[in-house]
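Accompanying notes for the structure given below.
We just call them A, B, C and D in the order they show up, numbering each chain from 1.
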Amino acid sequence: MSQFLEMGGYAAFVWPAYAVTLGAIVLNIVWARRALARSREEARRRLAMRGEGA
Amino acid sequence: MTWTWFHRLGSPPYVYALAARLTPWFAWPAALLIIGGLWGGLVLAPPDYQQGDGFRIIYVHAPSAWMSLMVYTTMAVAAAVGLIWRIKVAHAVAASCAPIGASFTFAALVTGALWGEPMWGTYWEWDPRLTSELILLFLYLGYMGLRAGLEDTQRADRASAVLAVVGVVNVPIIHYSVTWWNSLHQAPSVMRLAKPTMAASMLVPLLLMLLGFTLFFGAVLLVRLRGEVLNRERSASWIREIVNA
Amino acid sequence: MSGYGSPAAGVVAQAAPLARQATVWAGSHQAPLLDAARLALARDLQLAFRKRGQLVQPLAFFAMVTMLFPLAISPELARLREIAPGVLWAGALLASLLALEFLFRDDAYDGTLEQYALSGQSLTWLIFAKTAAHWLLTGLPLALMAPLAALSLGVSDAAVPGIVASVAVGSVALSLIGSIGAALTLGIKRSGALLSLLTLPLSLPVLIFGARATQLAISGGPLLAPLELLAALAVLGVTLAPLAAAAAVRISLE
Amino acid sequence: MPDERLDVESLHLWRGDRHVLRGVCFSLASGECLQVTGPNGSGKTSLLRTVCGLMYPEAGRVLWEGRDVRSDLRTFHCALVYLGHEPPLKADLSARENLRYWIGVRHRVGAAALEDALERVGASPWCERLVRTLSAGQRRRVALAGLALSMVPLWLLDEPTTNLDTEGQQLVGSLIGEQLARGGMVLAAVHHELPATVRDLRRLELAA
């Protein structure tokens, strides 16, 4: 296992590279969900505003 | 007959529902493929005879670089469709693409630099591929900056669409010029992707990752697309159902 | 956006005689496209000469940038000569960027762009005329001033024709690329930084080929190849950039 | 199609979150003037800009001589002149130079016609002065001279009488009258009523 983690001496480069990429994947998921939630919230707010105005 | 599906793709409620339904069909295969690719790339594939285990960065670098270009192309095509036929949904697709593409371009740059240090002895080499990638990041940032600067969504859609199309015309020119410039100043780069002799045990995980990332893009795009479609709708009654659901 | 044929006589002239022989609408005197474009060019030139102060600014900026390098690096002419192409092109790029912000801004404010868009003329051509004026007022003076800057960096005078040619041709492409960015950022307050962010990446090929041509001019090498590539970029810009800029201007008027 | 004719069919326009034009319909035939009224923000300017093709309506059509103007905007633009809130003048050019460039881009302008137009709006005494030195009313008059110079069938005027004195407002009235007599048509968005001298006036009221 520790041999696997060492990556033949390249651990300092391989693991950060994987971390950054997987980080990008996770962030994309989080951001996308948050953006959708925000858009729903915004839509709800607009509907409410129009409801009061009418 | 054949055109009805195309017209329905211009209808926001249909697209919203379709995107919601399709998301898992992209997300789960993407997850499986990426996990499989990681397993294959990190464990099963043998070390490279020259680069040792350092070459394993390829399994994250190459898919990220692929994403950066593929997403930009998708964005430009969607933008052009929106610009020409005035289809709001197409603009929503283009707007959804930019943050995804920018994040993977960033990842491609960082992984490229991390690969460069053991291979070239320096994090940053003015290698044509990395340089083009950096410029691509600026193109994404410019696109998002323009969108942020224009308050009116409709104007932001159309202006940024022009920019995306201009950018996609320029990308090959930029890449060519950077390659040309690079060939003047230094010996051909050491880094070689996709060697023809690449063993199957090395190649298959790479293909899995490429496909997995592409499907992942599809899944994220569909989630973002729903939000962008909502942003562009104003009074339709279907929004009420969605929001209250 | 401009795919129509020449507006020629306009439909009015065809329709009017049937109903009212007496009324001759101006549609029948529609100005030829080239006259309109020439007028748009002349207007911008005349306006620029009314405000000479603004005309000098990019040039002064260019001179300043060139001066920074000897002060920041070293006064040794041998070293300066080596970096001269980079200095000249970075300076020219930034100087032309500086002037871009004003390319459409005043016209957008006072309604001139609106009138252009509604003139019945090809907006693409009018925008092209404006960009041509912009080049005459910034690109060309920069090209003429570049040798002075180069000489101050220890470049021999044999390189002057090559430098003038490369900056002159390259700045055509820069003005055209910049016109797109300037049109896209219309209506955005404090658009300077954004304009640079949009324009600089697209200008990169011009910088690369231009600096290479200048370098070859300085070292006495054959500079035809990069110069041709620059000219190719300029031609591509002439054909495509006004279309994109006109589309962007229309969008800004919506 | 013997006559010039403008038909506007149920225009719907959204600005951001606001439904500005809600199915506006009207038509204009030769010799007719339509006065568009309504409170601030009711979409008068938007209506003019949509009719002339600057803004793109979400639904509805604008027909010129029975054809959708979107199929050939340039021909339509050759037939109209649009005068916005602000006179489209350059502060650093004189009144005369402004007119020459502005109208000259559209069609050839003879020197005599130019002087006539300046005379007509009472601008002859100060037509050499830079526009930046002119008052708002004088600028408006220069814009009116442009209107008089451009012999086109359709005038789209946004608040044409703003900043004008009584005499200037009469001038607007008589210019419109002449245009109608020629068989032209006028669509004017106004806050203050057009001068009573304009006959054949129809009204369109936009709700807030």
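Here is the rule we use: a contact is a pair of C-beta atoms (placed from the backbone, for glycine too) under 8 Å apart; a residue touches a chain by one contact, two chains touch by 3 or more.
Not measured: the values here are computed from a predicted model.
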Which chain has its C-alpha centre farthest away from the C-alpha centre of chain A? D
Which chain lies at the heart of the structure, taking centres as C-alpha averages? C
Busiest interface, counting C-beta pairs, is C-D
Approximate Å spacing (C-alpha centroids) for the pair chain B, chain C: 33
If you average the Cα atoms of chain A and of chain C to get two centres, how far apart are those centres in Å? 41
Hey, how far is the Cα centre of chain A from the one of chain D, in Å? 52
If you average the CA atoms of chain A and of chain B, how many Å lie between those two points? 15
Enumerate the residues of chain C that touch no fewer than two other chains. 254
The positions of chain B in contact with two or more other chains are 154, 234-235
Where chain D touches two or more other chains, by residue: 17, 56
Which of the chains are touching one another, listed as pairs? A-B, B-C, B-D, C-D
Given the complex with chain D, which residues does chain C contribute to the contact? 4, 7, 10-12, 15-16, 18-20, 23-27, 29-31, 35-36, 39-40, 42-43, 46-47, 50-51, 106, 110-112, 114-122, 126, 250, 253-254
In the complex of these two chains, what residues of chain B are touching chain D? 86, 151-154, 234-235
Taking the complex as given, what residues does chain D use to touch chain B? 14-17, 19, 56
Would you mind writing out the residues of chain D in touch with chain C in their complex? 1-4, 30, 52-56, 64-65, 72-75, 77-82, 84, 86-93, 97, 101-102, 104-108, 150-153, 182-184
Interface with chain B, chain C side, in the complex: residues 180, 184-185, 187-188, 191, 194, 197-198, 200-202, 204-205, 208-209, 212, 229, 233, 236, 240, 244, 247-248, 251-252, 254
